[in-house]
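Listed next: structures, encoded as structure tokens.
Note that chain A is present in both complexes that follow, paired respectively with chain B and with chain C.
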Partner chain A sequence: MLRVEGLSVSYGDARVLEGISFQVKPGAMTCILGPNGAGKTTLLRSITGIIPSVVGKVWFLDQEIQGKKTHQIVELGMTMIPEGRRLWAPLSIQENLELGAYRISDQRIVKERLSWVYDLFPHLAERKGQLCGTLSGGEQQMVSIGRGLMASPKLMMMDEPSLGLAPLIVREVFEAIKKIVLAGTTVLLIEQNTKVALSAAQYGYVLERGAIVMEGEAAALQEDVHIKQAYLGL
Partner chain B sequence: MKLGNFFQITEKTAAFLTFGFVLILPVVLSFNPYYLSIFIIALILGAVSLSWNLLAGVCGQVSFGHAAFFGIGAYGSSLLVLKAGWNPFGAMIIAAFFGVMGAIIIGTPAFRLRGPYFALSILGFAEVVKLLTLNLTWLTDGSQGLFNIPALPAIRIGSMTLDFFVSRTTNYYLAAFLMLAIYLVIYFLRHSNTGLAMSAVHGDEETAAGIGVPVFRTKLLTLMVSAFCTALMGAFYAHYVHFLSPDSAFDGSWSVMPIVASLFGGMGTLIGPSIGALLITGLDEFIFKQFFETGHKLFFGILLAVVIVWTPKGLFGKSIRKK
Partner chain C sequence: MISYNTIIQSILSGLLEGGNYALYSLGLAFVFGIMQIINMAHGEFLVLGGYIAYWLLVKWGVNPLMALPVAALLAGGTSFLSYRIFIERIRTTVELNTLILTFGIGIFLSNLYLQLWSADLRSISVHWMEDPVHLGGIYISLGEIVTFVISFAAVFFLHLFLRRTKTGKAIRITAIDRDAAALSGINVERVDLLAFSIGGALAGLGGPLLGMLSFVSPNTGLHITVKAFILTVLAGVGSIPGLIVAGMMLGVGEALTVTFVSSSFRELFGFTLFLVILLARPSGLFGKRG
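Take a look at the complex of A and B:
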């Protein structure tokens, strides 16, 4: 579904990503793990065209998206759930969700998507009118994911959805993400929380200092000695 | 102790009240020509403030150089009438499109910048256009300015004649009508899908792009609409005062006063900036000028500082709700 080949990104003289290649298979969840500063967020931002000047090739649904504008890439069916939620704080939950369906002009589809998001997060349905600035971190994360879902994406890329959340909430969020995958949306997950990510994903890559150092089935990675030592503290 | 705690009205009600007030104001002033001339300028400022606020308050792009579009409209319309012999009404519309062209010329490079850098580049643009007007003497007569700019031609409706040359009242109501028209354009734009895109860009550009909003195009479109309305008011101004110089048409106060008015009236609202414009004009005329004949404009600075500290959303920012 998504294929990245030889992707390199620099901020000025500092090279952040060096020849990254990986792919995301349709209908499954792929995760990219790595510590702080490995270049995970930069990777996502360069795929979505927010960072424009990159070397390498990116294919999405057999179409080269390298060099396209962000809104054009989104149009193709890709959406990103940004790190730190980034909701429109002065707007209500419902308004934030509706904004997610900005490209969809058919109001019936918008309503359909809205009720699917509220089914997924019943918690949000109870407080549609509440302003997002007043929500807890977990609720904000749910709105952020819901907003991404509104556009009926084929591929959903999530940047650290577990960031700053209590373990119980993390579990709740990941249950929802699994349901999203089951419902047919492919997910690319970027995480620091290795344990949670590997238990939910099917395939994983490990990113360290701007390069992919390891890849494999999620179950195999979970058993790997290096991962155990470096990330799981076992 | 804030106004927002005392009363809450909707945007629509606020707009009805404002335009109702504008409608009866001449009667209150017993059609005194001096006061009318003061409030004609207030209405022009009000309309420019509404346009400025569409860009800044709704789309989040602060401009320090709206005088550019005002001056382009003023000079554009005057030159079409004086040198090409156009009808002033047609010239006003075309001059407003000159403003749009100006918006494209500066917006295309400047929207690659963000925040204060955009604001400053548009300030520079205003200065460049002013210098051009000053130095293209074959076209604009330079610093001498343009004299005898014709008034708008009289309109006859049945037995009634709307005369724009002699009557202040007619000019006042035309200014009020233009402000209303601009308000309606902004109101409906804000409540369209494009308006949604504007507020998304205002909130967070990256996330806006992430939901499929063409950020650059949205910003440029907003600037174009804002410039159109501002240039239209500039054109009206030219035909109303009959005289233009680069200093009067591109006066920095056409850039600054809309900001002051918008901060006063509340940038988060749509009608607020025009209330702000009327309010500061009224305060200036009836209070500051009475006590301090020279230097009364100094009080704007003090008042603005008070408003920003006391109620940063503007005097009515919390009183006027969106719906």
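Take a look at the complex of A and C:
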């Protein structure tokens, strides 16, 4: 579904990503693990075209997408749930969700998607009219995921959905992400929370200091000595 | 001795004039709030609208109110071209660049007007506008009322457009979080172009009113830009309805200054108000703090 080959990104003289190659298979959840500052967010931002001018190639559904504008890439069926939720705070939950489906002009489809998101997060349905600036971190994360889902993406990339959330809420969010995968959306997850990510994903990559240093089935990574020591604290 | 009626009279004219100030500032406030661009060519876009209404009246006898859409369209078009040809290229660089560039565009336009239409002051005189309306012992002209209603409607519909329509919301969310907007499939560069063009069209709408109430000339533009900037900051950047209140404060203050002090202190009042409000409330009357 998504294939990245030799992706390199620099900020000025500082090289942040160096020859990254990986792929995301359809219908499953792939995760990219790594510590703070490894370049995880930069990776997603370059795939979605928010950071232009990168070296390397990116294929999405057999199309080369590097160099395209963000809205064009989104139109192909990719979306990203950005780190820190990035909601439009002065707007209501419902408005945030509806604007996630900006490109869909058929109001029936928008309504269908909306009721699907509300089924997924019943909590949000009760407070549609509330302004997003007043929500808790967990609720904001749900709106952010819901907003991404509104465009019916084929691939949904998530940047640290567990960040700053209480363990109980993290579990709730990940239950929803699993349902999203079951409903047919492929997920690429970027996480520092290794334990949660590996138990939800099927395949994983490890990104350290701008390069992929390890990859494998999630179950195998969980048993790996390096992962255990460096990420799981075992 | 200044009579009671004179005071009421100047307050009322000030309020009505203030409504017009809101329209004169609307385009600048909108572009500043949405795009963080201080459009120094704002006044020239407005003056263009005034000239269009003037020539339509003089050449073909077109009612200046009918000229409003034409003025808005042509000023909006000029704004569109300015953005497309020049401003777009430096949009993502430091903000000072857009200030300097739009200032240059303004100078170019005002000199163009000078070449095309001479330095004469052009006033759009329409007889029915002079018709007096009596309210008790107070007198106001029909023109003052009509222009006030138009200004108020423009502010109201812009507000509604931003709050209720999909395109309006796209403009707002692009201003709040550009990346998140792009990730929702919004073409943010097109939104920029649209917002700047709307800003120009709103300025163009104010031109005929300015021409009817006073006059336009090639160097009226900068004067308007400065006034619009004062009002935008007074209202608080991003507050469109706040412009009406800020405009009325300025209008009434100026009118009372003229009545009690002297008309030569009129401009001074605006700047003093500007400084005092900024000292007391740095984010303006209705701006968000911080």
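Note that the second predicted complex is superposed on the first by the 234 of 234 C-alpha atoms of A that agree within 3 Å, B and C clash if a C-alpha of one lies under 4 Å from a C-alpha of the other, contacts with A are read in each partner's own complex, and residues count from 1 in each chain.
Rule of thumb we're sticking to: contacts are C-beta pairs under 8 Å (C-beta built on N, C-alpha and C of every residue); 3 or more make two chains touch, one makes a residue touch a chain.
Small disclaimer: the values here were computed from a predicted structure and weren't measured.
Engineer: Given the superposition on chain A, are chain B and chain C in a clash or a fit?
Structural biologist: clash
Engineer: For A:Met80 in the superposed arrangement: first (chain B), second (chain C), both or neither?
Structural biologist: After superposition on chain A, A:Met80 lies in contact with both partners, chain B and chain C.
Engineer: May I ask you to decide whether A:Ala151 touches chain B, chain C, both, or neither, giving the answer as first, second, both or neither?
Structural biologist: Once the two structures are laid over each other on A, A:Ala151 reaches both partners.
Engineer: Is A:Gln94 in contact with chain B, with chain C, with both, or with neither (first, second, both, neither)?
Structural biologist: A:Gln94 sits against neither chain B nor chain C.
Engineer: Which residues form the common part of the chain A surface touched by chain B and by chain C?
Structural biologist: 48-50, 69-71, 74-75, 79-80, 82, 86-91, 99-100, 102-103, 147-148, 150-151
Engineer: Write out the stretch or stretches of chain A touching chain B in their complex.
Structural biologist: The contact residues of chain A facing chain B are 48-50, 69-71, 74-75, 79-80, 82, 86-91, 98-100, 102-103, 105, 147-148, 150-151.
Engineer: Please output the residues of chain B touching chain A within their complex, sorted ascending.
Structural biologist: So the residues of chain B touching chain A come out as 193, 196-197, 199-200, 203-204, 206-207, 209-216.
Engineer: What does chain A use to touch chain C in their complex?
Structural biologist: For this pair, the touching residues of chain A are 48-50, 69-71, 74-75, 79-80, 82, 86-91, 95, 99-103, 147-148, 150-151.
Engineer: Enumerate the contact residues on chain C facing chain A in the complex.
Structural biologist: 166, 169-170, 172-173, 176-177, 179-180, 182-189
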